[in-house]
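The chains carry the letters A, B and C, assigned in the order they are written, with residues numbered from 1 in each.
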Amino acid sequence: MTLPEYNFAYLDEQTKRMIRRAILKGIAIPGYQVPFASREMPMPYGWGTGGVQVTAAILGPDDVLKVIDQGADDTTNAVSIRAFFAKTANVATTTKTADATVIQTRHRIPEAPLSAGQVIVYQVPIPEPLRFLEPRETETRVMHGLEEYGLIHVKLYEDIAQHGHIATTYAYPVKVEDRYVMDPSPIPKFDNPKMNGSPALQLFGAGREKRIYALPPFTNVVSLDFEDHPFEVQKFKQPCALCNATGVYLDEVVTDDRGGRMYVCSDTDHCETRREEGHHGAGLPISGAQTAKEDAA
Amino acid sequence: MSVSSNEKRNALLSVRQVAKSFTMHLRDGVVLPVVNDVNFELFAGECVVLGGPSGVGKSSILRMVYGNYAIDSGEILIRQNPFGEPRDLGAGDPRLVLDLRRDCIGYVSQFLRAVPRVSALDIVAEPLVSRGVDRTVAAEKAAGLLRRLHLPEALFDLPPATFSGGEKQRVNIARGFITDHPILLLDEPTASLDAGNRDVVISMIREKLDAGTAILGIFHDQPVRDAVATRTIDVSAFSARRAA
Amino acid sequence: MSSPILSVSNLERRYGDFIGCTDISFDVWPGEVVAIVGESGSGKTTLLNCISGRLERSSGSIRYNMRDGRFPDLADLSEAERRFLMRTDWGFVHQNPADGLRMRVSAGANVGERLMAIGDRHYGEIRDTATEWLGRVEIAGDRIDDKPVAFSGGMRQRLQIARNLVTRPRLIFMDEPTGGLDVSVQARVLDLLRGLVSDLGLAVVIVTHDLAVARLLSQRMIVMKSGRIVETGLTDRVLDDPHHPYTQLLVASILES
């Protein structure tokens, strides 16, 4: 075996220790944003440099890594990060949620329930849930410290005033263990309930903003709301056009230039797994006929 | 001072050895004496008129008794009733003065200090409201007084800023008479009134006296003075400017 | 009413060698309006900021009578308690409404913020309360979803007042509340303030250089010059019979109306 070009998982051991300390502190204080000395990574901000550093710090040689972007394993971002760790850490990768020990994600939580022993790493662009209304970092830190969270409801109030309902659909603020208000990263609010009481360890990394926070397994996570406008997740009128799944988060896919569209699982692994199990959606013709049709077109 | 008939009853107002001067700092500190050694008492049910020529200090005495002017020395003792403890308004404690104004001393000044946007009716009712009387009750009483003083009903809901001098004065009188303060100070209340309204004011003053109110007033209007005065104090006796 | 709501004693604020205000002692009683007057640079705003906990003092004591009966120095309260006071029991009306409002959220949310801060979680009730308070400051209910940037100066100032009063505070600090307004608008805001202050029994400390404002709103007056109190007393006594040379100068400078 030749000398690796990089230290295991790219970051040097000192840096990984520093990040692990931040992670441990975050686990000890669920929902609290721990500052850390975010490093330059060989990819631009916005590609998940925070998540990548967290993943690099927790990855071991025996881990199996899954990376998703908007639920898909095959988008540029996911493919690149997966390849990055395959190269720098030589770890096994997978697209199967159930097989992964570490899942790095951007904008989704997998549909398949996570289990104990799994770690999910969220890429976070803006970790501060109060920033929309209070731009001063000094002030928001004091507000977190003193549990002054009235402002977060001002945002929800504005939603209802303008749209008749809480129109925030992603990065929907949550309260952790009845203490810290936390930005769950830009996942759809559909995924918020999955964070509550999850047996998996949930870690959040914001590279540009240099913050790490965490939800240890079985943490109480409540989405904020009003008594007369309770939190509710998006509901979809139809099942997945490919795998016929209900109760999952669907993406709208435009199929032609004449207004044709279909709704399919955003979680590609979930969708594929169901199809392999024999589920068929309305948008998925019988395989033989489909081939013929495509050839004809 | 003779207190024969009032021997067992205490004066509601006792002014004792009061002196007042103005120091004009903008005029190199020149001191203008106003009054010296002012001594008099005012009992329930009497109307004492401050007399004397113009500029002798009559209005100043009223203002001292109301607390608008600070005194240099002496005491201004106020009782809420003839058997009450005297409190020294002359000492100038602002909170005491405010308490005494709320509970003991009413004042009808020469001019109405109009507040923008507040209706005549509310201005008249305000002293009652500030003493905790229900707004509707106070407004009814205010309307009654204004009607009695012949103020056109159309004006009740308007701010008095645009009223004529006589109309403003009637609002002012109604405001001063609406409460049942034991002491009432009147600074030329009838100055700009016609004969009809003047007579209304005279009867209102008499009703106050019958009810036991002690009135201290300045009336340049001879017929009014003759109609209401039970006693006259010549302020010239106290004037510090007699020589001038 | 047996004790003051705010008690200031020997307060001093220095900026290096420069004196912001010094040797300041006074009490404010429940339901009382105290005006602090003086010209620019007299230290009145420094004083206001110190007693409202917005500026650190150099020495002296500032005690506040809490709802629970305690009468602590503000410096002995925890930061959490102090900030809680500021958004419940106290109000602060800035000269420039933009300093006291959130300009990018609706009027309703501006008024509702304090309610949400103390734990109100019923949208409908918060909105009803906000509507009621907009009415009390004479802002039409159909403006509730408009942002303050769309409001005139007078409306903004009235909105700021409503935002402060919604939690029924006991003590309000005001810094030249009508200073930036046109004269016609000023009268409306002043009258509104006057009515609310007496209806709600508020204690108010108001800083103004306008003696007419002081006469209209306050019962007591503190005159400041060069960082010191030069005269105090009943407002109409100070204005009708000013004693200190500086007060006489101020009073003599009022235009007769």
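Please note the rule applied: a contact is a pair of C-beta atoms (placed from the backbone, for glycine too) under 8 Å apart; a residue touches a chain by one contact, two chains touch by 3 or more.
What you see is a predicted model; the values in this text were computed from it and never measured.
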Chain-level touch network, classified as line, ring, star, complete or other: line
By mean Cα position, the chain sitting nearest the middle: C
Geometric centre distance via CA averages, chain C-chain A, whole Å: 47
Separation of chain A from chain B, taking each centre as the mean of its C-alpha atoms, in whole Å: 78
Centre-to-centre distance between chain C and chain B (centres being mean Cα positions), rounded to whole Å: 33
Chain C, residues touching no fewer than two other chains: none
Chain C-touching residues of chain A, taken from the complex the two chains share: 133, 142, 146-148, 150-151, 153-154, 157-158, 160-162, 225-229
Interfacial residue positions of chain C with respect to chain A in the complex: 79-80, 83, 87, 102, 105-106, 108-109, 112-119, 121-124, 126-127, 144-145
Residues of chain C that touch chain B when the two form their complex: 29, 32, 187-188, 190-191, 194, 198, 216, 219-220, 232-234, 236-237, 240-241, 243-245, 248-249, 252
List of chain B residues in touch with chain C within their complex: 22-26, 63, 67-70, 92, 94-95, 97-98, 115-118, 130
